[in-house]
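Several structures are given next for inspection.
Two complexes are shown next, each including subunit A; its partner changes from subunit B in the first to subunit C in the second.
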Partner chain A sequence: MRVITEEDKCCGSGLCVIAAPELFDQRDSDGVVVVLDETPGADRHDAVRKAVAACPAAAIRLARQ
Partner chain B sequence: MTTPHRILIIGASLGGLSTAEALRREGYDGTVTLVGAEPHLPYDRPPLSKQVLAGTWDPDRAQLPAAAQLDGLDIELLMKQEAVGLRPAERVVQLRDGERLRYDTLVIATGLRPRWLPGSRQLDGVHVVRTLDDALALRQTLRQGPRLVVVGGGFIGMEVAATARSLGVEVTVVDPHAHPLAGRLGGVVGDAVLGLHRDHGVRFRLGQRVSGLAADGNRSVVGVLLADGSVIDADAVVLGLGSIPTTQWLKGSGVPVGDGVLCDQYCAAAPGIYAVGDIANWLDVHSGRRRRVEHRTNASEQAVAVARNILADHDKQTAYTPTPYLWSDQFDCRIQCYGWADEGQEVHVVEGDPAGRKFIALHRDHGRVMAVVGMNSARGMRSHLGALGSTADPVGPSRAQVVNPASTRGQTAD
Partner chain C sequence: MSNQADELRDLPFPRSAPMEPPVEWAELREKCPFAAVRLPSGDRARMLTRYEDVRKVLTDPRFSRDLARPDAARLTTAGDQGFMNARRPGVDITDGPGHTRWRRLVGRTFTMKRVEGLRPRIGAMVDELLDAMTAHQGRPVDLVPNLALPLPVGVICELLGVPASDQGRFTEWANQMLSLTRYDADEVAAGRAEFAAYMTGLIAAKRAEPGDDLLSELISVTDAEDGRLSEAELLATSMSLLAAGHETTASMIGKMAAILLSHRERYETLLADPSLVPAAVEEVIRFDAMSEFGLPRYATETVEVGESVVEKGTTVLLSLQAANRDQSVFASPETWDAHRGDNHHLGFSAGAHFCMGSPLARVELQEVLAGLLRRLPTLRLAVPAEQLRRREGLLVGGYESVPVTW
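And now, the complex of A and B:
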């Protein structure tokens, strides 16, 4: 599974970081999302899904590969 | 409770679609039917006053991701279908075309409709921004370079003003208050937003009420009439007067309606009937108050709560007690708010400077931190979220600057 984010959708809420701090961070300058692990292991898929659901801007997607 | 066989969701936008999606994610395998009045696949509204209006996004980019997965999620979507009546005793929703849909559990997600000035709907050149079609129509108008008057300086009005001005349009904002975004966020943000817009050349008529619109013989708008007798010439007008919960189809159904659909703490309005999103007015057990939130994050979060409560045994339902989040983008500025900002709260700036349009402030009610509000400080906000709900002063009084003049605590020197 691959984590894809769209920077121009992200509103810098940080809610993905709160949901999955080991997978996401925010840029210092404008708070836009930074993916820490683009291909997380199966043990982290639940955390990614939580972040996808929490994102207020629909800026995070999951792709098969 | 026995699991319902057929769940019917009226309103196919963020709240409705997110509920359907959450039901599937929670493992529900019965029938899920979404009914929506609009002719488009479900889309997101925040870009309508921003990227879609500016023309930087194709409307397709605003489509909600789950809208592309309806088949995979086995969600039936009936588009261009409007619910016109509800009979809870028979568990039936009546559609405008005469069809009657049966349900075991009903979710009401019909959101809001914008307020118009009396008689303004019939005039050419008068716009509201609630739907994709509204945004595309306004975009078309803005391309002609009109003199635009925005009536109402709330979030949508100010975002439209910023987007229009960025396209080179001449913009005037009229609002009865002393600054835009009056109300919940208060004067600190309002004054900063006023300065931001003025620097970009937006004009303001503040402290002014609109008494009506002026039209020519072709029923095209030509001006906005103010209560003091003056007129602002206009080729186009955007009404940002707020919105009204879309509850008229529930009339006579017995579902309790007031400012929205009145729900209990589990977001249930009646046995087997739930409400979600902008229309839901629920009992917040943390504060003991009724709440209704018109922001995107609430709709998606409440959808998950409603889906879980639908599927939970009655004694295992969970009260909905969110920490709301909202944002607004205007020019190069981003405003964010976590928590329950409200009028009359004391505003303590804890980082940065409102005059520089980069700051973070804590909103307190009787000392308790109710909201963290910031401008252009996205990354710094998270470190203050822990203060929400607490009465302690996390930064120490010497660094906090009390900026609400109405505050009884007085000014604290820096």
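And now, the complex of A and C:
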């Protein structure tokens, strides 16, 4: 599984960072999402799904490789 | 269905009690998800109340936030001078690429990291306010002037670099900016001009003598003259941050106290387990039902939303709070539940215009609540909840006063 984010859609809410701090951060310069681990292990898929659901701009998705 | 949809309803809806949602919300969600409504200005719009519909419009760029258009509904009795309807020459930050440019610029201030960095200072400010409140006052004490208003005003003033001595002046300006029916067009325009003159003076002073604050940072961006922020946008941004930055959080602190203390078992749940504070704050925001009509958008194209077709040129009102009570998304929506999981409420909106200050608002609300629980475990309302006085005539609702004792 791969984490895909769309910078253009990102609204900088930081909700992905709250949902999964080990997987997401924000760029210091503008608050846009930064993925810390693009291919997280199976044990982290639930955390990614939480972040996907929490994102108010639908800027994160989880794709098969 | 068509009869229901064509029936014209006047906003704001009547309420049985200040805290209670209008009965119309449930009725519209159920039977009339695209209701025809008449605004206080006399103009007509459509109101959306279902969660999925509201979220769809918020995240669809074909719906514009720019209501300074000749055929957009005017929201307030200030007409063309009112909130979101007033023209702002030279300001291109409302929609599209201009908005994205602006978000990226201001976004750095509201990252989780930056805001978490402010938490200790915000906690200390809460403590100072509670010290003063408990030491010098008789009881009951009104939470609004003693805590709900001074905390967010103090926070946004420190962040922007606005002198604390001027704090008393913004509330009236912010109220004029966010008037629904309280002020007429001339008063709103005059208030905006005074606010703008004050801010222009402050920008000049900061330009001469920069500080370590957001306003100085934005001034240096403007002075780089690289297209990131014009002088008019600098002024509009600083006014919006100052007004929106405290008005909404201030009213939410009062509403939070009322929600938790009107059913004191809610407060007791949090006393027993303060680790619930962050979830409780989210649930307070979901549960709040005091806004009159939510967020407006203008359809730049004809768009299908749920069962309805929104014609190009329609102004739609998105009732975030009716959406937050949608039982297809929230189980037992009329129940306040600190243990609610996956609370994806729309209280901070969604999509490109998602509330930029939400991380700051969250930390302020969390620190206020944690402070109250820690310092005032016996806190209770000093009047029956039904007797709390609503603020009337303003877009940001909430209470005039929240008398408490302990």
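Methods note: the second predicted complex is superposed on the first by the 65 of 65 C-alpha atoms of A that agree within 3 Å, B and C clash if a C-alpha of one lies under 4 Å from a C-alpha of the other, contacts with A are read in each partner's own complex, and residues count from 1 in each chain.
The definition used in the following text is that a contact is a pair of C-beta atoms (placed from the backbone, for glycine too) under 8 Å apart; a residue touches a chain by one contact, two chains touch by 3 or more.
No experiment lies behind these values; they were computed from the predicted model shown.
Peer 1: Name the contact category of A:Arg61: first (subunit B only), second (subunit C only), both, or neither.
Peer 2: After superposition on chain A, A:Arg61 lies in contact with subunit B alone.
Peer 1: Go through the superposed model and pick first if A:Gly14 touches only subunit B, second if only subunit C, both, or neither.
Peer 2: A:Gly14 contacts both subunit B and subunit C.
Peer 1: Give me the intersection of subunit A's contacts with subunit B and its contacts with subunit C, in residue numbers.
Peer 2: 8-9, 11-14, 17-18, 26-32, 53-54, 56-58
Peer 1: Provide the residue numbers of subunit C that touch subunit A in the complex, in ascending order.
Peer 2: 59, 100, 103-105, 107-108, 110-113, 115, 342, 344, 348-356, 358-359
Peer 1: In the complex of these two chains, what residues of subunit B are touching subunit A?
Peer 2: Residues 22, 25, 44, 46, 51, 61, 64-65, 296-297, 300-301, 304, 325, 327, 329, 334, 336, 376-379, 381-382, 385 of subunit B touch subunit A in their complex.
Peer 1: For subunit A, which residues count as touching subunit B in their complex?
Peer 2: Against subunit B, subunit A makes touches at 8-9, 11-15, 17-18, 26-32, 49, 53-54, 56-58, 61.
Peer 1: Given the complex with subunit C, which residues does subunit A contribute to the contact?
Peer 2: Residues of subunit A touching subunit C: 8-9, 11-14, 17-18, 25-32, 50, 53-54, 56-58.
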